[in-house]
Amino acid sequence: MEELQDLVAAYRILAAHGVIDAYGHVSLRSPRDPRRYYLARSLAPERVQEEDLIEYDLDSRALDAGNRESVLERFIHGEIYRARPEVRCVVHNHSPSVVPFSVTDVPMRALYHMAAFIGEGLPNFEIRTVRKGTDLLIRDAALGKSLAATLGARPAALMRGHGSVVVGENLPRAVGRSIYLELSARMQMQALLLAGPGGRITYFDEAEVEASVPRQDYVRAWPLWRDKALAQARAERDSEKMKHRRE
Amino acid sequence: MEELQDLVAAYRILAAHGVIDAYGHVSLRSPRDPRRYYLARSLAPERVQEEDLIEYDLDSRALDAGNRESVLERFIHGEIYRARPEVRCVVHNHSPSVVPFSVTDVPMRALYHMAAFIGEGLPNFEIRTVRKGTDLLIRDAALGKSLAATLGARPAALMRGHGSVVVGENLPRAVGRSIYLELSARMQMQALLLAGPGGRITYFDEAEVEASVPRQDYVRAWPLWRDKALAQARAERDSEKMKHRRE
Amino acid sequence: MEELQDLVAAYRILAAHGVIDAYGHVSLRSPRDPRRYYLARSLAPERVQEEDLIEYDLDSRALDAGNRESVLERFIHGEIYRARPEVRCVVHNHSPSVVPFSVTDVPMRALYHMAAFIGEGLPNFEIRTVRKGTDLLIRDAALGKSLAATLGARPAALMRGHGSVVVGENLPRAVGRSIYLELSARMQMQALLLAGPGGRITYFDEAEVEASVPRQDYVRAWPLWRDKALAQARAERDSEKMKHRRE
Amino acid sequence: MEELQDLVAAYRILAAHGVIDAYGHVSLRSPRDPRRYYLARSLAPERVQEEDLIEYDLDSRALDAGNRESVLERFIHGEIYRARPEVRCVVHNHSPSVVPFSVTDVPMRALYHMAAFIGEGLPNFEIRTVRKGTDLLIRDAALGKSLAATLGARPAALMRGHGSVVVGENLPRAVGRSIYLELSARMQMQALLLAGPGGRITYFDEAEVEASVPRQDYVRAWPLWRDKALAQARAERDSEKMKHRRE
């Protein structure tokens, strides 16, 4: 299925951009059934192939796992799909420049047109308000629901001391937003340092946010990203086959 | 045409240096007709080949597009060529260390001899002064003219929350300036942090700027950059041909 | 021996992540005899193969060195294994973002769940308190014992102006901790800059540290890291053989 | 000659570590005649081969240039060799983290044992004190002599708004010092930010500097660096030959 190849590409693109390490994940709402989504088994993202994708229902129960191990934090995906019918793709990452914002009171704000969506507001999920003494992981549906509630109708939410979730009405949008969120975080830190305490920074105003967001699907970048990722996936498969043949 | 190969190289060099992402572009004034310029179709820069270059007039109307899609922001190029007869190359980028300056009141200043041209002054284009509520893109000739007016006779201009334009009397100069502008921005941030509030930084004086700028065409770097970029372009073409033959 | 391949991988993984330069090292307590450990001969980590591993006793005397040169600072390993019976892997690195903490009074603290182990406390070894006028290297058993005493029961210790030691009850844990310690150091610097003097940062609380640490063995990352590292090691060996055959 | 291969390696190592861009250079005092030195022709460092090396006398006159173009700033090398009989290798770079120090009043200080040599003191060459209105380049013997005088007996000197020179009694020492000077500059910036205004940083004391410097020739790193660089040089030569044969 074409869409599952998009999802394979998404894993690899986010890994190649340093947005997800071995522990990030991306999911896609099933194009055939809105009550289902696809998510890779517990595996480093830069290794994901189509056969690693598992189908889940919105309670995050695997439908076809076989002996493939599910990701612990799959409830992030199931609960966001339940709460946000228009969302078709969810990214969970440990975006390195976003985490520092998540542990301070400094809000991320839109200052770069490629990440204008930040202007719609990025809430910060503080897991302690729901449960004390956790390892910060979204290990069950209750925590997933709380995170989805914090996210509300926004394009992304920070997760304190952990990372973020980023969503989109389509896959390239969620992937592109994740990449430019990381970059925008770095730019905002630098702008804050340049401006100094009390210095002025020009953020996007409401009208500019509104003019930018609906259009941005990262369509010029997406084919390049996808081609590179899937070429890599094919090359790995071919070299795997060669190895088996030799053995 | 030799010059079009230079332009192909320019796209790839700027992408390889992290100065342009999928959304930057470079143009070249036609060597045969000063009222024409070349710019790649809407395509990620690191993929550009000679057949992706489209010829435009100074109203940024494509002369030979065929079914190739034009870049939305081509008016940046057309209007600068119109306003600056001596300019033969225009770069538009989202240079990551330059954007933070564009949203603060801290001016970029010349402090590194490879980017001495900054000393001639870098204005900052605030699109709001011309039009409210935009997505910051230079979508038409009127915005292009405003940007060109802000640029004036300078070698580069920042674009608030967006990136910058960099120009040159020849292609290697505009490309080299773009690369060293990014580096100089990073160095200036670091110098400001080191010096601290009220600390002293030694910028280039006027005589030093004057002594440095006319000479700097990045001629030692250019052949290396160009060779690498075009070797990559040829390798992609060859692998494309192989693929077709096999199919 | 399977475990020695893990150790070869560990060297190469840490080098590939920029945690160790040519001067870092990793050791493994012998799976057959707790009074023995393995450490590579004096060699750049990204070149280590199984035949470069030397077995030492806890006095850091080589048992089978032959004409292979031992690492000067092997006492770090021997003395930590002596003092910490549960430790099975010791990493010594020059982790670039950790060194700046080691020369200031700012303590590293847990703020990122992948490096929650920091919450157990990271002491800083100031060699001057034991010996004046050294080159900061752990050149003998006495210095090794002092460092082990500073480390105490903790997962890691900074070494002023030099780097750090990181330990684990198994090899993937010590390797993963080293990688995420570097990342967490960077995040903490950025959070401190964002928050500004007197600004609030949300660190992990004690219960969160306790919930996170025992579980974290970096098991999703480890197979990816190991496969890549050993594939590289095999490729180097093959190309070495080819070269010999041709000669 | 073995030593000229070391020099070829040095160019490529420094480029690979990001210490020199297309405009840096390294020289070696002739092993046969202390009044001669070798320096590559005007060429991007990562392309240098043995046939690109030109022999100069201490007045920086080429002895065997043929039609190869000399580097403008060769006087840096000639005048330092004249002033410092014990020096056998000189590096001139635009080390990106060192330049910010050169434009402020913040002195670089030793805080990392791999760059303990900084503790011997790094003067800053302000070209304006010798000549006004230059492009900062060391274009003649008079400027070279001034720079050598600023350097004095030290291991390195910053050059305001331009870069630095680093010297060594042997080639690996000068190359290693250049690499770790860049890293130490980054660490010092970070330490200064962490400590904040008036915060305490523990620098190396005099005895520690004295204990560290004489020994440090980067001997564990050098063979790795050299092998990689020369393997690359050979690969380029082979591919060049193949191309000629096909033509």
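Labels A, B, C and D are assigned to the chains in the order they are written; within every chain, residues are numbered from 1.
By our rule, contacts are C-beta pairs under 8 Å (C-beta built on N, C-alpha and C of every residue); 3 or more make two chains touch, one makes a residue touch a chain.
It should be emphasised that the depicted structure is a prediction, and the values quoted were computed from it without experimental measurement.
Trainee: Keeping to the contact definition above, tell me which chains border both chain A and chain C.
Mentor: Output, common partners of chain A and chain C: nil, no chain qualifies.
Trainee: What is the shortest path, in steps, from chain A to chain D when you may only step between chains that touch?
Mentor: The least step count works out to 2.
Trainee: Report the chain whose CA-based centre is farthest from the CA-based centre of chain C.
Mentor: If we average the C-alpha coordinates per chain, B ends up farthest from chain C.
Trainee: Taking all residue numbers at the chain C/chain D interface, are over half used by both copies (same) or under half (different)?
Mentor: different
Trainee: Quick one: report the Å distance separating chain B from chain C, using the average Cα coordinate of each chain.
Mentor: 44
Trainee: Taking each chain's centre as the mean position of its Cα atoms, how many Å separate chain B from chain D?
Mentor: Their C-alpha centroids are separated by 31 Å.
Trainee: At which residue positions does chain A touch at least two other chains?
Mentor: Correct list: 193.
Trainee: What is the complete set of touching chain pairs?
Mentor: So, checking each combination of chains, I get A-B, A-C, B-D, C-D as the touching pairs.
Trainee: Spell out the residues on chain D that touch chain B in their complex, using ranges where they run on.
Mentor: 21-23, 42-44, 46-47, 94, 96-97, 99-101, 103-106, 126, 128, 132-137, 160-162, 189, 192-193, 197
Trainee: Any idea which chain C residues touch chain A in the complex?
Mentor: These residues of chain C touch chain A: 111-114, 116, 183, 186-188, 190-191, 193-196, 199-205, 207-208, 210-212, 215, 218, 220-221, 223-225.
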